[in-house]
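Here chain A shows up in two complexes: once beside chain B, once beside chain C.
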Partner chain A sequence: MIIIELLLNGLVEGCLLALICIGYTLAYGVARILNFAHADVMIAGGGYLVLLLIAGDSFSTSICIGTTGLFAGAATIAIWPRRKLNGIIIWRKTLVSITLGLSVFFVTFLFAGKLSLLTATFLAAPLTGLLAAAIYRLGYEPLIHRNAPRMSILLSALAFSIALQSLLLMLWGSTTRAFLPDLLPSWLVVTHGEQGLAFGQSVIEHGLIPITNSISLPTYDALIILIFTVTVLTYEFFFRKTKICCGIIAAADSKIAARACGIPVDKMFTYAFLIGGALASVGGTLFVLRNKSMNPTAGFSVGIIAFVACVLGGIGNIRGSVLGAFMVSMILSLAPAIPLDDWANSHLTESLNEWLPSLNLGDWSYGVIYIIMIITVMFKPRGLFSE
Partner chain B sequence: MKKRRLIQLLVIGLVMSMLFAGCPRTESVNEEIKIGVVAPFDGSNAHIGQLIMNSVELYFSQHQVANVPIKIIPIDTKSNPANATAALQSAIADSKLKAIIGFYHSSTASACKTIIQESKIPTLIYSASNPEVTSNAPYYFRLVPTDDNQSIVLADYAKQLGASRIGILYYADEYGKGLMDGVKQHSKEIGLDVVDIQSYDSSTNDFRPILTVMKGKQPEIIMICGFVEKSIAIINQAAEKGLKATFLCGDGTFNEQQLIQGTGKNSEGVYVAAPYVFDETNARNRVFLESYWKKYDISDNPQKPASWTVFAYDAAGIISHAIGDGKKERASITEYLQKMTSADFAYNGITGPIFFNENGDVEGRTFRLAVVKNQQFNALAN
Partner chain C sequence: MGFFRQYEKLSTIISIIILFIFPFIVPQGFVSVGFIALQYALFGLGLNIVVGWTGLLDLGSAGFVAVGAYTAAICLTLFSLPMWIVLPLTFIVGFLSGILLGIPTLRHRSDYFAILTLGFAELISLAIRNWPSVTGGAYGYSGIPALKLPFMSASLMTVPPIGYYYIVLILIIPTYILLNRLRETKLGMQFQVIKESEVVAQAYGINVVAVKTFAFGLSAAIISVGGFFWASYQRSIVWTEFDVPLSCMLLSILIIGGLGNTRGVVIGGVIIGSASEILRILLTAMGLPQNMRFFVFAVLLLLFINMRPFGIFSDKPSWLRKGGKAKKTKEGRCRARVDVATESNKDLLICNAITKKFDGVVALDNITFTVERGDCIALIGPNGAGKTTLLNLINGFQKITNGDIYVNNVRLNNLLPFRIARLGIGRSFQDICVFDDLTIEDNLLLLSRNSMPDDIQTVLTQFGYQDGTVVCSLLSYGEKKILDFARLFTSACYFELLLLDEPTAGLSIGESERLVKIINSLRTKYSLTIIIVSHDMFFLDTMQVDKVFVLNNGKLFAEGSFSEIRNDKNVKRVFWGDEV
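Now for the complex of A and B:
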């Protein structure tokens, strides 16, 4: 029974991780950038959603102004016109980007704290996408244009990650903000009632989907699986056939050839970051929903582990990195259940047990993941599922 | 032309140096004394550093120290031993730094041990409770009881609650591991069955796997040896999992404001150990709380600051008494502290009389337990 619960947990965590991995992989596959700032964009997105939901409560007005200002500025930068266009168009486009920035500022400032979860997600996702695009426009595009060495781009990515994290720390403070369930509809809040309730009642009143007598899945976990599936299916069957995606793929294949065919390469790269950022926002929303708390520094550890998952599965390859994410989350989830320490306690002498380090694999789960990654990279340098 | 410029510059330089030569040298009797406050001021625990700084500043804003100008220097650990040693190295190079009030995390206190012993700066510890911290460290003086005491208090209370099966979750650092070892050992001695031990660290956000495994082993009590942010997540996720065990938490979790705000109803009935629990019937406690709230928390429903703030306040008090006694050098302040060995030489702080044993640990103190009832910490009788 425990194994089923752990597998389910691994599946849900895998969905969350995979949403982040897709963003990493898009940035790497398209622009060859290891976008370290991605996980911080995710946390920014999750935090922004919390802001939209509970502004005025534990988020004071100054925090609201700061955060909406950040997103408004990002929106302006993201669609700021590039230089090469002729005078009149630049003027018009500049006006459009400033208007967008201002409207983002006023709309979110006016509606903060008055939105439902669904509308807030729909508002936060594109805006977080714009934040990711703005980071691309500011941090990577100028470097790519000047033919900067890979190392500079990598360091720029790291710098943006740390800068964004510090900015969020400044805006929100370092306390872990709790996201208490009274903001959510009752079907998303887990409460424990009596045993043996009807399916519908259990889902609607207690937020639990009964699977067997003793195991039930929280509705938000089911929601995470659902949203992930919908996102990936949309990407695979719909988005891949659109003009933008074809452009992104062409630009990724060969910048020069794509440019020769009249594809605006810079624009396509920006789109790739925008999509990655929007997915990260969905990931961040679900991350907050599942963990019920939000901390500006939480992105770092999530980002590293997502990055490892990408390398394991094959960075630059969406299917591979999604599978890598599931592998990593399954290892993290199952490791504490492997009864190596029980075996040691019953089979080894007490003095040997005292001398040995903890044999609980849960204590070593990250080590296990990294060892698997090293071995994988030794034999398949492009990742397990590379094509 | 160039030569002329050079001469001009030389003349200006000469005049300037003559001007400054006339100034009185600053080495007067009341030379400024700097006191370092070591805490995390940046990163995920920045709010804790702020609390510590608040209470040290509160002390010096209330008390004038024998006309000696005092300057408080923040030394930022960023919650991380490597950063702590680096920040400390550059801070102690300043010879005006005469004493340190320090260390939230035991891991940072241990990492900085050698540096502090070598530079001979008297250091008053307000939070780091791992017993190893003060061993072989003549310049460390600790105001809080150690984890040796805490693990006994926790395990004994678990037995008092009638439990026989306990599980331990610990944060994988010096504090968590040390406390876990202590609790494990003492539990075995008093006949409790430790059914499962699991660890987590700063990158753990999903505690469901370890909670699921633990649930399978059916402990009646789960001890959390870790810090409050993660304890909040553990308590919330355990409630969702339907785990029916009672939680007993180490003092890392003792932060009323954060715990209650973060867990809401889920924290009802959670026990937390603390080196000190505020008692509002005590006049000194009330004065401290009121002045603290007046300066830093003017909301309608002010929260009691976490217990190490009051230890930092007392540490500031001890240092300022030493300075007031004419001890203005690192060595003489250390001597003053080393003489505080019995109740006769004790400093009477908010937390009561403070004096140290030969190890530099505070004497006559013990951890206490508080239970969350009606969204508030209620101290249990000793």
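Now for the complex of A and C:
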């Protein structure tokens, strides 16, 4: 029974991870960028922006203005005109981008604290996409244009990651924020009042959907699986047939050939980042829902794990990295169940046990993932599920 | 940075004097800034070997700082060993850990390598956290004793850390000089070749994995020594310090200073180290939170990368201008080998029933032929006939499915490309593999095994290049192609068998005529055996090839002299269809 629960757990975590992985793999597959800022974009949009939209009135004005300002600025930068066309068009485009920035600012500010979880998630997704696109426009595109060494681009990504993380730290402080039950729709939450209060535990308890007698799926997790399925199906059956998607694939394959066919390559790259950011935002919201709390640095470790999942499945290949995400999450949730420490306790002497490192594989679960990744890359460098 | 180049000696002397009197000309509070700056310069020098010279993206350098710091902490505290034992020990431990981590990862090219190093750094950090009995676990390691120097009072070691400053300074100057020397040796050149193209490096007999592993180990060792100072100066260490932000900071040293430039890296290290320390002092004085430091740092870094993506010292190295490696040519060695081989037997290359399959697609099917010593063989056939695959099999770039290849009675089947190259098999490529960032001279010098600068001049004039200092990205397609051959022929005395893949593709008639002359003169001079893959009948005719093999659909279709093949009806049908 425990195994089934762990597998279910792994499945749900896999959905989260997969949504984040798609962004990484798009950025890599299209522009060959290891986009380290992705995880921080995810936590900024899916976590803090959604929190602001749901419960904005309970935060200080500086937090509200700072966060909305960040996203408004990002929106402006993301669609800022590229090069000097003729006078009127450039002015019109500049005006459009400024208008977009201002409207993002006012919409977010007006709606802060007034939205429900679902509407907030879907409003936050495009805004987060714009943030990701802005990072591409600001940090990567100029370097790509100048043929900068790939090291510089990588470092630019790392710098953006650090900048975004420390900006969030400065705005929101390093305290862990909880998603309180009154912020969430009632059908998601079943509050076991007495128990929660009596034991001084967190008051959030989730509703349960029974599967068998002893196993039940929390409503959160059901929601996560649902959203993931909808997103992936939309991506697979709707988006893949659009002109933008074809353009992105062409631009990824050969920039020069795509340009010769009249595809605006830079724009396509921006779109790829936008889509990745939007998906990450959804993933981020689900991640926060599941953990019920977040802090500005929470994105980082998830980001690295998502990254490893991409590499395992085949970075640059969306299906592969989604499968990789599920594999990694299964391993992560099954690893603590291996009773290595029990074995050590019963078979080894006490002094040796004291000296040895922790043998609880739960402490080492990331390590297990890394080792699997290293072995995989040694034998199949293009990932387990590469085509 | 024209100023530095113009007054190189003067600026070096002045900066060394400033470095030595630094602790006495600044306020006491700033001696620590100098120490941290030098420490980061040391990190930069170490990381530069891997990232700047060998061109590998190392994202896990913080892991090696942790290795050094924890080794030093444990040795200094638990075993209370003296400094002059611990310091070399951290170097050795760092070197070994670098090699250990390098073995599984270094087969892979840039991005995968970057991710793997990131993973390894996390593994090191996990190990530190989960092994409290040795490393102090999540709470860190504290109570590390301060270093003691014989003629220095204890207070000078701590506040202000004048003692530490001088130890690092005395260590960093010889490191700098030695690394600069290393850059000009054969090994340093091999680093550069690997950075430019691993395929070319293998084709010229460089043991890529071994060289990369050594670079990684050396880099890890130097970074670990930096970790030694980290631990012994701070006197307490926590695993959170050795995380990705630190790796990022160390990388930014290289980006700011200029990738691969030793002087730039030292300056970058001084800038980053002192900036981070000054920011820390300022933020503490102003009562602002410390995470602001990372924000300011990241924003400054972003601005800098955007303004100068190639760093402060972005100038490319020039080996020949520096005097290169003026070694004596060992004529005897290469002659002797050729003589022994000539006596042994007549057949140089024997291909025995070679088959190559790619997942069921048969690229080469049961091909048997022999090439006699001194012959010039042409390999022709329609596109997709398997000509390049055949060269790749002889060369070891692809694994043979069935059959055997012998050169001088040595079986080549399971040998790595660099071993095959060392047996005297040279290779030119269909696609251009010239090192775009370097000058023509350096292209020649880096790959020639032991040519003198004068020889390079001879080759340059022979191949019709007027100015050897031109950067290769400015050359035309044909010039690059010819340069590829020039490179091959600077080490021609080492090769017995040359495999030329489409030598004239993209060349004008004049250029290919010049190429014929060059190839023929070298062929007689060094008694070379040559296999040419080509579509260019005019070229093959003027080359006066001894024998022609025709490949079609992976099978040996016909063989004979050039005139026989030219008049063969079946061959004509394969090339031009039935109508001819």
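Keep this in mind: the second predicted complex is superposed on the first by the 338 of 387 C-alpha atoms of A that agree within 3 Å, B and C clash if a C-alpha of one lies under 4 Å from a C-alpha of the other, contacts with A are read in each partner's own complex, and residues count from 1 in each chain.
Criterion: a contact is a pair of C-beta atoms (placed from the backbone, for glycine too) under 8 Å apart; a residue touches a chain by one contact, two chains touch by 3 or more.
None of these values were measured; they are calculated from a predicted model.
Annotation: superposed three-chain arrangement on chain A; chain B versus chain C shows a clash. In the superposed pair of complexes, A:358 makes contact with chain B and with chain C alike. In the superposition on chain A, A:291 contacts chain B only, with no contact to chain C. Contacts of A:96 after superposition on the shared chain: neither chain B nor chain C is touched. Residue contacts after overlaying the shared chain place A:160 against chain C, while chain B stays out of touching range.
Look at A:175: by the touch rule set out above, it reaches chain B but stays clear of chain C.
In the superposition on chain A, A:144 contacts neither chain B nor chain C. Touch criterion met: A:370 reaches chain C, while chain B stays clear of it.
In the superposition on chain A, A:244 makes contact with neither chain B nor chain C.
Applying the stated contact rule after C-alpha superposition, one finds that A:5 touches chain B and leaves chain C untouched. Residue overlap on chain A between the chain B contacts of one complex and the chain C contacts of the other covers 169, 174, 300, 304, 358, 363, 366. Of all the residues in chain B, the ones that touch chain A in their complex are 42-47, 172, 197-199, 202-203, 205-206, 208-210, 212-213, 215-216, 229, 232-233, 236, 240, 242, 258, 261-264.
On chain C, the positions that touch chain A within their shared complex are 51, 57, 59, 104-105, 107-108, 110-112, 114-116, 118-120, 122-123, 126-127, 129-134, 244-245, 248, 251-252, 254-255, 259, 289, 291-292, 294-295, 297-299, 301-302, 305-306, 309-310. Chain A contributes residues 1-2, 5-6, 9-10, 13, 58, 169, 173-176, 178, 180-181, 190, 192, 218, 287, 290-293, 295-298, 300-302, 304-305, 332-337, 358, 360, 362-363, 366 to its touches with chain B in the complex.
Contacts from chain A toward chain C in the complex involve residues 28, 32, 34, 138-139, 142-143, 146, 148-152, 154-156, 158-160, 162-163, 165-167, 169-170, 174, 300, 304, 307-308, 311, 315, 354-358, 363-364, 366-367, 370-371, 373-374, 377-378, 381.
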